[in-house]
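What follows is chain A paired twice: with chain B in the first complex and chain C in the second.
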Partner chain A sequence: MSEPAAALLHPRAVRLDAVAADRDDAVRQCGWLLAEVGAVTSAYTDSMLERERSISTYLGEGVAIPHGTASGKNAVRRDALAVLRFPDEVDWDGHPVTLAIAIAARGDGHMAILAELAQILLDPDRARGLREATTADEIIRLLQPAEDPEPEKEPEEEGSAL
Partner chain B sequence: MTTINGKDIRKLVIACDAGMGSSVMLAGQLRRALKKQPVTVEHTPVDSIPADADVVVCHTGLAERARRGAPDVPVVPFEVYLGDPAVDKVIKAIKDGGDLSV
Partner chain C sequence: MPERIVTIASAQGLHARPAKIFVEAAARQPVAVSIGAGDRAPVPATSMLSVLALGAAQGTQVILRAEGDQADAALDELADLLSQDLDAEAEPDHV
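Moving on, here comes the complex of A and B:
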């Protein structure tokens, strides 16, 4: 089942003014923050780094979603997200990243939030709004899945059942 | 090269490594896009693709493993997680019943 953004993303797991020397440094900070809120053990960070080295988690629009590998799931204690904002950007395999949304998950509870994130990033204006958010509450609100997850720009194919 | 028709796709599987990030996101997107279609969207580890999958979608970096694990299932590789034309083609084929060459 999908969970509201607030259940998975605690305000304590949001850092708005992070600074990282490079991608690995940023990923380590993501792992540290997930551990800090009790979502993972410290072993998770190595699995996150391993994942970046095989396939980058850079998504687009200045956003990456670092997370562990299949074996890293053993280090997950509960499903959670963490958000680190890097106002000075981090070089992520050649892409400038402003926002890292770190994931720790055993289940699928965060699927609706990630689908919402994809919708946001496909719209440059909404993507900028997310990158420029200045409070934890605003980020949590922006990632909250829409009540009726219907693609907005698609014309209705049939009359509404209502 | 295999050709399948979108109307014959009943189960679409997104193959992934951990099943935590990009594949979950893509599964969420595809479920939204295909909500009105008679298609099941699942995501599974690349080494355990179900035998009844009609089509597998996965990152190019995992395509070889997917083909080894499910030699009889057409595999559609994609490069980027957002708005990849390969994924859009699969959605279109399912919605319009068109042919999909993979």
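Moving on, here comes the complex of A and C:
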């Protein structure tokens, strides 16, 4: 899949001032937000929680990337991201997490998204920028691929899948 | 420098559980091991972010390299891990 991460993130799927009691609460909010923008059905949340219990999705640099298990793919309507920023941090299996980037992907799409996110986070400036972002636009801009600035195509409008 | 070329066997590629198992095993080795894929520069096998950034899907060939006395044993162990389906035991239910 060739869509850059930023194209998968709708501004409505960004929460900058989220508060979560613990990891599971944060994951539920991620699932809720993905469902809110029509990317998944509510069953996806359970699949994300199951993944988290099997292996933590903490990625590094204060970022976690909750996503469903292989069996949760049926709950995905379209590939999408949701971003929740927790200014007060969430304890994620012993790691303080400021940013959760939730991934909904069918097929092997999330492998490519994951690799792209990892590359972004390897750049300390961009990682800090993501943690400290104060607007949805800023987050979307920081998720743009570093090179190849040519805009390939407009992000598709959603809402026609009903 | 001793090296091994391995094909990623895990169905979901080198991410999530397989990546974690691999990175943790690399950290236990007495020598520094690097992993490379395609034309990208090799990265430390102990860095989760770097390993994930390789985006090595199932069937991708990766090169493991290490130097020093125990390099061969370390490479054998890690190459063996990558040639197994590390996802296999991740799905507890018969789905």
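Just so it is clear, the second predicted complex is superposed on the first by the 132 of 162 C-alpha atoms of A that agree within 3 Å, B and C clash if a C-alpha of one lies under 4 Å from a C-alpha of the other, contacts with A are read in each partner's own complex, and residues count from 1 in each chain.
Everything that follows uses one rule, which is that contacts are C-beta pairs under 8 Å (C-beta built on N, C-alpha and C of every residue); 3 or more make two chains touch, one makes a residue touch a chain.
All values derive from a computational prediction rather than experimental measurement.
S.K.: In the superposed arrangement, does A:Thr57 touch chain B (first), chain C (second), both or neither?
M.R.: The answer is both, since A:Thr57 touches chain B and chain C.
S.K.: On the A-aligned overlay, A:Ile103 touches which partner chain: chain B = first, chain C = second, or both, or neither?
M.R.: The answer is first: A:Ile103 touches chain B but not chain C.
S.K.: Going by the touch definition up top, name the partner, chain B or chain C, that contacts more of chain A.
M.R.: Between chain B and chain C, B touches the greater number of residues in chain A.
S.K.: Looking at A:Thr45, would you say it contacts chain B, chain C, both, or neither? Reply first, second, both or neither.
M.R.: neither
S.K.: Have a look at where A:Gly68 lands relative to chain B and chain C in the superposition and call it first, second, both or neither.
M.R.: A:Gly68: touches chain B, not chain C.
S.K.: Under the contact definition given at the top, report the residues of chain A touching chain B in one complex and chain C in the other.
M.R.: Shared contact residues on chain A (touching chain B in one complex, chain C in the other): 51, 54-55, 57, 59-61, 69-70, 108, 111-112, 114-119, 121-122.
S.K.: For the complex, which residues does chain A have touching chain C?
M.R.: Spelled out, the residues of chain A in touch with chain C are 51, 54-55, 57, 59-61, 69-71, 108, 111-112, 114-119, 121-122.
S.K.: Show which residues of chain C lie in contact with chain A when the two form their complex.
M.R.: It is residues 12-13, 15-17, 20, 48-50, 52-55, 57, 90-93, 95 of chain C that touch chain A.
S.K.: Quick one: in the complex, what on chain B touches chain A?
M.R.: Residue positions touching the partner: 17-22, 24-29, 31-33, 35-36, 45, 59, 61-62, 80-83.
S.K.: Within their complex, state which residues of chain A touch chain B.
M.R.: Contact set of chain A toward chain B: 51, 54-55, 57, 59-61, 65-70, 72-73, 103-105, 108, 110-112, 114-119, 121-122, 149-151, 157.
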